[in-house]
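For reference, the structure is listed below as structure tokens.
Chain naming follows the written order as A, B, C and D, and within any one chain the residues start at number 1.
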Amino acid sequence: MLSIENITHSIDAWLNGKFSPTVVLLLESVIVGLCVIGLFAVLGLVLVLMERKVSAYMQVRLGPNRVGPAGTLQTVADTLKLAMKEGLTPDGADKLLFNLAPFLVIVVAMMILAPVAFAKGIQIWDINIGVLYITAISSLSVVGVLMAGWASNNKYSLLGAMRSGAQIVSYELSAGMSVISIVVLTGSLRISDIITSQQDGWWLFKGHIPAMISFIIFIIAVTAETNRAPFDLAEAESELTAGFHTEYSGMRFALFFLAEYVNVFIVCAIAATLFLGGWMPLHIGHWAGFNRVMDYIPSSLWFMGKTFFLIFVIMWFRWTFPRLRIDQLLNLEWKYLLPMSMVNLLLMTVISIEGWHF
Amino acid sequence: MIEELGTTEQGDLVINLGPQHPSTHGVLHLVITLSGETIRKVEPHLGYIHRSIEKMCESLSYRQFIYVTSRMDYLSSHINNHGCALCVEKGLQIEIPERAKVIRVLMDELTRLASHQLWWGAMAMDVGALTPFFHAFRERESINDIMEETCGARLTMNYMVPGGVMADIHPNFQKKVKEFVRYFNTKIDEYDELVTDNIIFKSRMKGIGYLSPESAVSYGCTGPTARGSGVSCDIRKLYPYEVYGRVSFEEVIDGGGDCFARYNVRMQEMRQSVSIIEQLIDNIPEGEFQAKTKAVLKLPKGEFYSRVETARGEFGVYIISEGGTTPYRIKFRSPGFSNLSALDHMARGHKIGDLVAIMGTLDLVIPDIDR
Amino acid sequence: MAFLKKYISDVLGAARSLLKGMRLTGYYFTHHKEIITQQYPDNREEMKLPERFRGEVVMLHDARNEHACTGCTACELACPNGTIKIITKFETTPEGKKKKALDTFIYHLELCTMCNLCIEACPTDAIKMAQNFEHSVYDRSKLTKKLNNPGSKIREGVE
Amino acid sequence: MNKEELKARLEEMLPSPSFEEGAEWTTVLLDKGVWEGFAREMRSAETLEFDYLFCVTAVDWRTHFTMVYHLTSTTRRHMLVVKVRLDHDEPVIRTVSDIWRTAEFHEREAFDLFGVVFTGHPDLRRLFMTDEWQGWPLRKDYEDPVNMIKL
């Protein structure tokens, strides 16, 4: 069976035969970098189109349908338009920070991609503290948002950035708690270990009710962390026009836009990895026949399927719910999600120690 | 003078909300003073769409000036025209045919429904839910189609003329309205499912923007804004005009005084409007649709005032006639103007997000305020 | 304990209300026949506007290039915006009498609000509202129209 | 309270009221000196309770101005129209915005469009027109060659 794993291995072998190990490492880094940028571009195009189509169908509309077959080239056209627009820097803005912010946001998004396993054997960096790395880096994106809001010299931007800061910092907590509950079960921070431990069933099903609760809490928390509705207070277009990116135009605006969608992809990929087994096919205990059939579906498809399903759920939230108010948002975190995830973590620890999980 | 923008002496932030802002529904300009996210003061700056309609009307004849009033509260243009036509008829002392009365009331209620539907969508959009807007427009579209068929236009109909209505109803009118009522009755429950029952929406609305009955009266609030504070002020019920005295409907009053009460009043009013339409649609009497009037209308010397209930509240037309073919002075008492004056009182101490929600429940139409 | 019970029932009630909304949007997501979008320029062929729709004022001419306008300026007086300007001329009838007749019917579409008052005022039903609503032009002066056809004259018997 | 009772009650309150006949609602003409005290009494007097001021406007009669106040009571449902005559060269009247809050905006409107000055008004500025606007648009002698189109 042709799998992506074999391709990467043959490339690696071919390079090793030709060059010295240092050059190979450099070359591979370049290839990986190009792949990530390519992935970003493709993800941006696909996810924006997906969002527009999903919203259109929920709103009894057709959505983009003029550019290309069934509107598939709409986002390409939009990107071209944005690329040709003038990138304005407002008078009175801190020019360095203002221009740096979108790049910072996108670089953070790129860095989180490193330990994500896209398919069997496709992982940029299988670091032994993968989960810790992800939680640590993802909290950096708030710096970019704060920078953009502050440097714009606009009150709406400033308000949006401050909201975003308060929001991301609080929701990190319950997202982290949910991640720890899975770490407690697996006993390892390495992404590949977490995936392997779900060989005979996903943690969502194996870990009883606590796993489901922490899955739900994780989804809510990451929706808030990526500033998506109903937690899109940092942008809140009916209150703050566009929040922290009010003053951005052209390609720099596009970078913020891209970063939002890539972040959604990443958090959904992490949720899929931790709770739904990543690239691991759906295996049920010892049903050998069933498991073998499931194995025939390529691992990359499993991973993408799970991730895109979660992305769809997050989009579904966005096009159904009204926005929360800032104090309600913080109430939800500190009064509901955090206590719940703490109790949940305790339960999970008991389950793990007693070995009650399947 | 517009304040020195920036911060106040106490270090509060001064923000211009509008005139170009997604949630001011037009060109309303609010200068808000913020302490953190909490509102200290809201000050409306009006006039971005002031056309001085009152001055314009002084040079238009009694047939001509009615069409201008469609451009004030464009969402209840029928009802505005109705108020003007009533005032002219009062001056001319003519009785309009029974058929015209029923048609007028039917059109008013359809307009009220369309206006409330748009408000519902825009209100949900203000608190961040974008989908209801499109669902509301779907139903509004059917009303617009009905209007288009009978009146010839979708928004600014100019269908009410002194003496009755401009044309008889279209042969398909009754059938289409009945179809619409049947369709809408299934959809209004979806409105509740999607927005009203939603826990986020409820918590955004409850206890926000409290307006006591005393201040509602003192600020001159009318319509759903005042009825949401428990003040009975429905002109249709208190001073019935046309056939409102004969149809049975309830004046919806909710004593809550907060945003949710105002929201609830409008939602229930939609149901009441549907019930009025259901009562009248099969009982349109035969006969003329327009009373005989002279080609050139001249009002006797005197003052005439008529009040009607638009979707936003009490609309008053005050004509002072010197006996000529044009009014000497005309004053439109628009509901939005008085309702807006209570905004500062309601919004103080709340967050920016709440201000947007309060503005949503006031259902402001800016041309109605600026005239 | 009662506190905990309330806490849990609050959370469950909230979740139920949210799921109810999601069920509705999910329904519309899967039921594409509910879509109401009209593909406007593509459906021009089958799109039919009601006959009362007010798009622009036109003057009716019959096959012999005759209209019913007597040039009485009732429409000009009825118009609130000065949209209509009527230029009259004097014609000599076969009997040798001088008679007022229409020379040019100027219609400023850019000023018109489609209020229908001119049509109501017209005593001979010479003008009516047409259903055309696509008025965009690149030159504003094209919106000033002459409604009577060149060489047209008044129909016999219309007073 | 019906029209006659209201009239009788007003005759008690005012020394020599002059009523305007033939109007739909009871219309009383007042001197601007007594206006404020009368307004306060009308708002609070037990049998009157005119708590709802639904229309405030000014009329330019070329020789003088008239302020017209339309009042009603939400509890007793009787109507009263109060007219106050103002001098054309110096239209000044006492504000009632502290009695009926709605008057604050309506009086600003009257100031903006007619130039009627309300003493004691908390915030008497232009409302619709820009701050630097010259003239009072709704006065009969107002001319604006740019913005007014004569047909």
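What we mean here is this: a contact is a pair of C-beta atoms (placed from the backbone, for glycine too) under 8 Å apart; a residue touches a chain by one contact, two chains touch by 3 or more.
On a predicted model such as this, the values are computed, not experimentally measured, just so you know.
Colleague: Just to be sure I understand the contacts, which chains border both chain B and chain A?
Modeller: Chains in contact with chain A as well as chain B: C.
Colleague: Which chain lies at the heart of the structure, taking centres as C-alpha averages?
Modeller: Smallest offset from the overall C-alpha mean is found for B.
Colleague: Measuring between mean CA coordinates, which chain is farthest from chain C?
Modeller: Computed centres place A farthest from chain C.
Colleague: Pick out whichever of the two, B-D or A-C, is joined by more C-beta pairs in contact.
Modeller: B-D
Colleague: Cα centroid separation between chain A and chain C, in whole Å?
Modeller: 51
Colleague: Could you state the distance in Å from the CA-based centre of chain A to that of chain D?
Modeller: Computed from C-alpha means, the inter-chain centre distance equals 63 Å.
Colleague: Starting from the mean Cα coordinates of chain C and chain D, work out the distance between those two points in Å.
Modeller: Averaging C-alpha atoms per chain gives centres 41 Å apart.
Colleague: Round to the nearest whole Å and give the separation of the Cα centres of chain B and chain D.
Modeller: The separation of the two C-alpha centroids amounts to 25 Å.
Colleague: Tell me, which residues of chain D touch at least two other chains?
Modeller: 151
Colleague: What are the residues of chain C that contact at least two other chains?
Modeller: Expected reply: 18, 21, 24-25, 36.
Colleague: List, in ascending order, every residue of chain A touching at least 2 other chains.
Modeller: In chain A, residues 58-61, 319-321 touch at least two other chains, as defined above.
Colleague: Mind pulling up the chain C residues that touch chain A in the complex?
Modeller: Residues of chain C touching chain A: 11, 18, 21-22, 24-26, 28-29, 32, 34-37, 39.
Colleague: Which residues of chain B touch chain A in their complex?
Modeller: 13, 15, 21-23, 37, 124-131, 133-135, 138, 194-195, 198, 200-201, 203-204, 351-354, 356
Colleague: Quick one: which bits of chain A touch chain B in the complex? Just the residue numbers, please.
Modeller: Per the touch definition, chain A meets chain B at residues 55, 58-61, 155-156, 159, 163, 229-230, 232-233, 236-241, 319-328.
Colleague: Hey, which residues of chain C end up touching chain B in the complex?
Modeller: 13-14, 17-18, 20-21, 23-25, 36, 49-50, 52-54, 78-80, 113-117, 120-121, 129
Colleague: Which residues of chain B touch chain C once you look at their complex with the stated criterion?
Modeller: Touching chain C: residues 60, 63-65, 67-68, 131, 138, 141, 148-153, 156, 158, 161, 166-167, 170, 190, 193-195, 197-200, 202, 295 of chain B.
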